[in-house]
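The same chain A turns up in both complexes below, where it pairs with chain B and then with chain C.
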Partner chain A sequence: MIGIKRSHELILLLFFIGLIIIMSLLAPSFLTINNLLSVTQQMSEFGILALGVTVIIITSGIDLSVGSIAGLTTIVIAMSYGWSGSLVAAILLGILAGALCGAFNGVLIAKIGVPPMLVTLGTMTFFNGIALVLSKGNAISDFPEEFYFAGQGYLFGNIPVQTVIFLVLAILTSLLLSKTPWGRRVYAVGNNSVAAVFSGVQVDKVLLYVYIFAGIMAAISGWIISSRVSTARADLGAVYLMQSIAATVLGGTNIAGGSGTIFGTVIGVSVFAVLANGLNLIGVSPFAQNLLMGLALIVVLLISNMSIIKRKITIFIKLNFN
Partner chain B sequence: MNDLLKKREFVMFMMLMVISLCISLIAPAFLTPSNLLSIVMNNIILAIMAMGMTLVIVTSGIDVSVGSQLGFAAIFVGLVALIPGSNIFTVLVVGVVSGIVLGLLNGILIAGAEIPAIVVTLGTMNIFRGSLLLYTNGKWVTALPAWYTSLYNTSVMGIPIPIIILLLVIGVTHFIAQHTRLGRSIYALGGNPAIASRVGINTGMVTMFAFAYMGALTGISSILYGAQLATIDPNAGTSFELMVISAVVIGGANVLGGSGSLLGSLIGVLILGVLQNGIILMRIEPYWQNVVVGLILITAVTLDVVNNRKKEERKKVIYVAEEVKAGGSI
Partner chain C sequence: MKAKKTVTMLLVFMFVALLLTGCSSSSNAPKADSGGKTDKKVVAMVPKVMGSPYFDTCAEGAKKVAAEFGFEFLYTGPTTADAAQQVNIIQDLINKKVDVLIVAANDAQSVAPALKKAKAAGIKVMTYDADSTPDARDLFINQTTPEILGRHIMDNVAKEIGGSGEYAILTASLTASNQNVWIKWMKEQQAAKYPNITLVTIAPSEEDQQKAFAQTQNLVKAYPNLKGIAALSTVAEPGAAQAIEQLNVIGKIKLVGLATPNGMRQYLKSGAAQSATLWDVGKLGYLSMYMAKQLIDGKTPTDGMDVPTVGKVAYKADNKEIIMGEPLDFTKENVDTFNF
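So, the complex of A and B:
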């Protein structure tokens, strides 16, 4: 099992390096510090979303509502800034809203036992509905100048703020998963939840916190998105939902649960970001990006499932031609 | 009576009735024949695709690429309809064949490479949409010929053609699901794949069939889509997959596989259609629609789990009671 996982990460890493080499050959401006920094800027928003999604998928769950939570957060931040006039309070309220949304998912999944895909299919629509009702379907854009720091500011001259936030969160999540008892429980639940119960793991508690964690990540992502585009709108973040799940799976997290690393997810996110940025520099139609992102996902998984495919082909040939 | 109350379809049907009653009390225009007909006519595509999605979900699969498939097939149908000399027959063949090809591609990847359905269709969703946008360069297909666009509003023996098509699709899908070996294999595969393959079911073939059939129905829907709107946007069907899946889930199909009924999915489609129509007629701000739909989805799936658990507990109690009666120890 470990062998398979390692080979997946190796294939992905080779794929990623190959991609970088091709891009830098085709577009000379690709391999410059400034461009690479802007790649990290572009990947931070859905990278943060993907951190939460990774932890959830490790528990063999899925969260379709993270995009809607991000959108709702942008509205909560904008409206609570309008009432309170305090930016810090507004952002904290936004993150609290994300945590509450995650807790709502978590209670239904962990305490009542509804399958995660069904719960989050419902809450995806529900949270988006709340955001639409609150904002009456409008975009809100009366933010103060300081709000734009998280999405448009730079630290130490030219390092984008959201890159730093993403890196810090990625390292924290990685440590949380690999160095804490909670992290081990997350893997245990995903591997075999029945066995986890019998080893004394409080599965419902672990799951509840996992969904709250993803809610908080989605909220942070929403905060950065609205800071970058200087607006709050209910549908911000929706486009990143499928991308963040795809990047997580591309990064080697097994959709059936039990395995996956934050390192893999970061590489998965990077592959998508490099593809988007590089193709843009080469001047390929943005329509081709969708196509290539989908292809990248399928191709990497095909390569890492090669042994299964070979076995099936041999059986097929034996049955039909012998 | 007690059994009827426990049936998921019946509960959802009562919910549909209650919703309809509430709407008709506030908006008298709701309960008119012409409005009811328009609800049906506006949700034909959703209903056709929900039939295919029910089978896919029963096999414990899921297809999030159907929105992209719909757009893909619709553009091809539209381009073929523009060629002089094409007729209903050519359009039908192109729509259905392109749908089957896309669906079969999903099926082969899922069954052949053992990649989970949600991952495969997440990838193909982007591949289908991306290649479509690349091919059309984002341009719409317009100026569709009259023989094609009139398809949606023509009636045969007083019944609009789309309704006839829907009835045919329901009939064929019902026949496959209830009266063929294949249908039983679909339910068996979703119930327990290991046992299904041990009793000699070719699980790979069954999976491929379910996805190809979903594709075929998407192809049929794509023909109606172009005829209904008279212009085809290459972004057609974006996030439509979520509507289809929601309808099927409201109708009681379990995403873990093994259960789901066509009748339930049709009721799910009607609930979504009635809500959409009712919210407009009641002059409620349209933003409330997602709140209501989301709440109905959450309530439906939660009730399902709670009811199932009660049933299982009752089974356990009966089992223990019989053990005791038989003199066994617990």
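So, the complex of A and C:
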């Protein structure tokens, strides 16, 4: 099991390095410090979403509401800044709102037992609806100058703030998954939830925290998006939903649960970010970009499942032609 | 052994991908990335969304004149009208070191930081169709002003109903700010030039074609002397036209308004609507590119300057804004020459 996973990450890493080489050959301005830093800036938002999504998919769940949670967070931050005047309180309230949304998903999934796909399909629209009602569908943009730090600021000269936030969160999530009892329970639930129950794991509790965790990640992502574009809007974050799920799967997390790593997800996120940026620099039309991104996803998944596919083909040949 | 095969497979895919990207952009790729050697000026146009007939028509106009000036023309934007995605694309274009950036902002505030960054990097920054904040760009190419548009629509009403009689306005919603400004200017124009015309009511259609249809039916029944309707949104006018067809009052009630030629084509031809007004989108693109050339040459636009194929344009120095001017009427005769 472990061996197979490792080889997927290796393939992906090779693919990623190859991609960087191609991009730097085709676009001279690709391999410049400034451009690479802005790639990391662009990937941070959906990267942070993907961290939460990864943990959920490891438990064999799915969360379609993370984009809506991010959008709702931007509105909560903007409105609570409006009446409190305190930026710190507003951001904390926003993150609390994200955690509550996650808890709402978690209760429905873990305690009541509704399938995650159905719950989050519903809450995707529900959370977005709350955001639309609160904001009356308008964009809110009266933030103070300091709010722009997370999305537009730089540390140590030219390192984007959100890149640092993304890295810190990625390392934390990775440690949570690999070094804590909670992390081991997350994998156990995803591998076989019945076996997990009999091993003394409180599956519902684990699941509840997993969805709260994803809610918090979505909220942080929303906070950064709205800081980068200086606006709060209900639909911010919506475009990142499918991208973050795709990057997670590309990164080797098994959609059926039980395995996956944050390292893989980070590489998956980087592949998408480099593809989008590089193709923009080369001047490929955005429609063709989607085509190439989809193709990359399919090819990498095909290659890493090669052994299974080969076995199936051999069996097929044996059964039909021998 | 297995690892070797995998690597080979990967290399093959890379090669194919290389070919693919090479082909799809072979016409502009080598020159497009100006990190290198060419001195051809690169002008990038970023619409609110790709694949919209409105913006694509605009880009056509821009492309033509870019070729005339010997500019490299790039046209790229978000695939959904999303501000965050648009900002990413602007960032990439800054790193690509284009010479001029022309943007239709999805959100005035959202793109402002990215545009300021572009300005700081020495790029000439313009907005067209939808402005950002004035301090984020060097020039805004505005299609028209509410005053010009409002007065023009009122003139159209008067022209169709013949200088006297009752007319009604079908607006978007009663609180829609754009529409309310247009209505204000329509009333001024009416008071100044058409004393014998009376406005009987302003009915809301809530940006809903079905609602516009129902409201028009009500208007026709409630005001038997009604001679004309001005429908002030791109869905209100088609909705009103449907109602006029269905009630069979074609010609008895004249319909003018603001809508796209594609939305109104069939109703203009059937006579249910007399005209639809917007602006010449292709010329907006042409004008944007012409002004890009002015900026590159270090020239400041002047008020009343004469632009080839566009005509005289107004320049407001305090807001660094170009106004293209008179709107364009689509009628039965000319509607087939436009496609957006």
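A few remarks follow.
By definition in this document, the second predicted complex is superposed on the first by the 310 of 322 C-alpha atoms of A that agree within 3 Å, B and C clash if a C-alpha of one lies under 4 Å from a C-alpha of the other, contacts with A are read in each partner's own complex, and residues count from 1 in each chain.
In this text, a contact is a pair of C-beta atoms (placed from the backbone, for glycine too) under 8 Å apart; a residue touches a chain by one contact, two chains touch by 3 or more.
Just so it is clear, the model here is predicted, and its values are computed rather than measured.
Of the two partner chains placed by the overlay, only chain B lies in contact with A:245; chain C stays clear of it.
When both complexes are overlaid on chain A, the residue A:287 reaches chain B and chain C alike.
By the touch criterion stated above, A:118 is placed in contact with chain B alone, chain C being left untouched.
With both structures placed on the common chain, the touch criterion links A:256 to chain B but leaves chain C unconnected. Contact with neither chain B nor chain C is seen for A:168 once the two complexes are overlaid on the shared chain.
In the overlay built on the shared chain, the residue A:88 is in contact with neither chain B nor chain C. Look at A:152: by the touch rule set out above, it reaches chain C but stays clear of chain B.
In the superposed pair of complexes, A:132 makes contact with chain B only, with no contact to chain C. Overlap of the chain B and chain C contact sets on chain A: residues 285, 287-288, 290, 292, 295. Across the complex, chain B meets chain A through its residues 62, 64, 109, 112-116, 118-120, 122-131, 133-134, 137-138, 204, 242, 245-246, 249, 254-256, 285-295, 297-298, 301-302, 304-306, 309.
Listed in rising order, the residues of chain A touching chain C in the complex are 7, 11, 14-15, 18-19, 22, 26-29, 32, 34-35, 38, 41-42, 45, 139, 141, 148, 152, 225, 228-231, 233, 235-239, 276-277, 279-288, 290, 292, 295-296, 299, 303, 306-307. Only residues 2-3, 6-7, 9-11, 13-14, 17-18, 20-22, 24-25, 28-29, 32-36, 50-51, 74, 76-80, 82-85, 87-89, 91-97, 107, 109-113 of chain C touch chain A when the two sit together in their complex.
By the touch rule above, chain A contacts chain B in their complex via residues 62, 108, 112-115, 117-119, 121-130, 132-133, 136-137, 242, 245-246, 249, 255-256, 285, 287-295, 297-298, 301-302, 305, 308-309, 312.
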